[in-house]
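First chain A sits with chain B, and in the next complex the same chain sits with chain C.
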Partner chain A sequence: MPDTPTRSTAVWVTVALGALGMVGVHVTLYLSYFYTPTQVTPGTLWVVTPDSGAPISLYESYRIFFIHLPSAYTTAACCGLTALGGVMYLLSRKPKWELLIVSAAETGLAVGAMVLLTGTLWADYAWGSGRLGSGWNWEARLTTMLILWLAFAALLVLRRAIDQPRQRSLATAVYGILLGPLYPLVSKAVDINRTSHPRSFSDLLSAPEIATTQRIASVGVVIALLSLVALRYTWNSVGNNLNTERAA
Partner chain B sequence: MPTQPNAPAKPSAAAAFMALLGREVLVEWRTKSLISSMGLFALLCVVVVGLGARSLPSDDTLHRFVLAMLWVCTVFAAIVGLNRAAVADQRKGLIYALLLAPHDPALLYLTRVVSVLAFLLVTQSLMILAAIPLLKLTLFDDPLILAVIVMADIGVLAPGVLLASITGRARGGEALLTILLMPVIVPVFLGATGATDALQPGQDPAAATAYLLLLGICDAMFAALGLLLFGRLNEG
Partner chain C sequence: MNHPRMWMALLCLACALCASGLAADSKSESLHPLNEQPPAKTTGESELRSQLETEYRAQLEKRVAQEKISMEGSLHSLWMSNAAVWTVLFTFVVLQALSARKRSAEIERLRRSRQGDQA
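Let's turn to the complex of A and B:
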């Protein structure tokens, strides 16, 4: 079968990324609870609240960044992968690129939910009243991230609405390309008007233990989350082959 | 392949564009399909916004809220128009007949963007005329607002025409176009509402520059993607 080597490669990539990711997540969790300090003396983070600018003490709350930031990086990677898959599909018409778009969108949907959830929980503490959802204030970074998450869902809904496989593949590729510019918008959203979301984490990262843990989390957790793309790719590839064999 | 001596000459791109645009205008003139549906929808939106805001104090905040709501109405009126145009194209495979034209399919895309833009501008004129007395709208203190309107409309229609050609052949296409288009045009909506707000009396007009730049980037990017992808999307 012509695509067997590709699937075999995908399985190995999944296993390798998954194993590395598991190690990375465990090391990150260990460091974030037993290595980093509780009270961040130099690492207060300047947050512009909707009312006024003020530095806030982070205490234990900053530990959520070790999940939040890598999840955001992975969502960015998923957005880039959908655009890359779209371009490559239109150029080569190889089904593997369509699989990449779908896998990246599915993972982007799951990981984007983690970004929104962890971000909202922290915002409730940072500038909300502590009640669930009180930190959501419709500022540009939060809203654009939510829109990106909805766009991943829209791509998956689009695929379910088109029966003809060739049209479905083309539509997926085109919408994948249109998703591409959304993450740069999310990234630049902190520069639009006043924003509650921190513009920089440099204050926080000036504590060496936190900087080290953050670097390890940025690699380990991102690898773990990207292994989900590889897992979904392999899963979808097997599903496609089964459908082809059933139809034959 | 040698050209047959009696074969008609291929029309220039400009002539083909004018012919296709003429067809769009003629069809609209005869059916009144797009402007009537978009216009009626926009007028109903103005009434609904007025009803929703009737108990609010008539101050600067209300004025800015109304301006933002008019952009929401514009986006949904554009979606109504794009859906009607896409359904008409798919009926009896008309889109495939149009694609037989001896030119790049991008020309067909460009024609559709220009024609729906013209119809949307007519719709917006009606909506603004209705909003001036009903919503106490004062929109034209700064003529630059006209550029914002045209740029934002292009930013909505450039991806809209592309996506409508996808949803026209999908199940539940009309709802699907809204679902697909809204996330993509968020930067355009952000630019349009931001620039409109910055150009109001008492605001800093220099703040509009960044939003105009955002609109310009979105227009160029979406138009380029549409011109490149429309043919590939409709091939076969």
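Let's turn to the complex of A and C:
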């Protein structure tokens, strides 16, 4: 990869996003523990037991959504960033766009794991037997999310397998573009057939405390997690400069 | 984040984080079984009923108060543990970014000195 300039702007973006994210996450956590009520009304969220179809009371368990949903939004943003980076790289051939694809894929892998883990842990109690892993039922939403997570991992493995820098950059850009449409597929997967996964959160969000907390979480936690993209971008950029300097 | 003291600080925070679980749902907050005593015999049934109701209400209120303290204690512990996790993570992010800036400046300095040598 050709040399990239010192990314002073990227550093300050990372620091600012990290600091803002820290505040956002703490406010979200505080509100989710001490402000939002216990959700006891059955059927206010479209969650049912797979066998009988009886609505489930979520009690305290719904509070995991304040981390789970923003993590899913960030995974979607990472998908979008890989596609954007891919298109921009093919148009301009500037290494910064390749850095963006890699950084977004690395973060997508980490945050996607958070989505899968928080979702599965919640589902173990929501529609599973309570035993670890019992909530995983290979429904369309869960399976497509796992495929997306594996696709992020595959991009990073693919890069390592190509020695020639130009080929590696091109393959990364094309793969990044192909990753883009995967999130809409995950999003629409709940409409494919009957599913245990909630289709809509509108009923749950009709409680004003929950809606407010969810709005704050959507901004605060997403900013926090996007600071990881900025961090990886900065770090990869410095790594490239270092390699160039060593090779000189 | 090359400075060893930074790593030590993060390590200490991580240790504090691990230890924070010790504060969760402490024994003193746990509920104890009700220490029920059979009511003293009274002559009138209505008096007995009233006395039992008063005792029951008093014990119930005490138990609800205990449960509230226990619930608030466990929520507080969870909030503290989670806040510690995220604080460590984002302190790490900010320190890594600052370290990257330092490393970039060092690379630029090396590059300039090499170009100066060549000239």
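As a working rule, the second predicted complex is superposed on the first by the 234 of 248 C-alpha atoms of A that agree within 3 Å, B and C clash if a C-alpha of one lies under 4 Å from a C-alpha of the other, contacts with A are read in each partner's own complex, and residues count from 1 in each chain.
To be clear about the criterion, a residue touches a chain if its C-beta (ideal position, glycine included) is under 8 Å from a C-beta of that chain, and two chains touch if they have at least 3 such contacts.
A quick note: this is a predicted structure, and the numbers were derived from the prediction, not measured.
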item	value
Three-chain arrangement built on chain A, chain B and chain C clash or fit	fit
Touching partner for A:Y175 - first (chain B), second (chain C), both, neither	first
Touched partner set for A:S8, first chain B, second chain C, both or neither	second
C-alpha centroid angle, chain C to chain B via chain A, nearest 10°	150
Partner chain(s) touched by A:R131 [first = chain B, second = chain C, both, neither]	neither
Which of chain B and chain C A:V157 touches, first, second, both or neither	first
Which of chain B and chain C A:T234 touches, first, second, both or neither	second
After superposition on chain A, the shortest CA separation from chain B to chain C (Å)	30
Contact footprint of chain A on chain C as seen in their complex	75, 78-79, 82-83, 86-87, 90-91, 93-94, 96-98, 100-101, 103-105, 107-108, 110-111, 114
Of chain A, residues touching chain B in the complex	90, 140, 143-144, 147-148, 150-151, 154, 157-158, 161-164, 166-167, 170-171, 174-175, 177-179, 181-182, 185, 192-193
Touching residues on chain A, where the partner in the complex is chain C	6-8, 11, 14-15, 18-19, 21-22, 25-26, 29-30, 33-34, 224, 227-228, 230-231, 234-235, 237-238, 241-242, 245, 248
Of all residues in chain B, those that touch chain A in their complex	159, 162-163, 166-167, 169-173, 176, 179-180, 182-184, 186-187, 190, 194, 210, 221, 225, 229, 232-233, 235-236
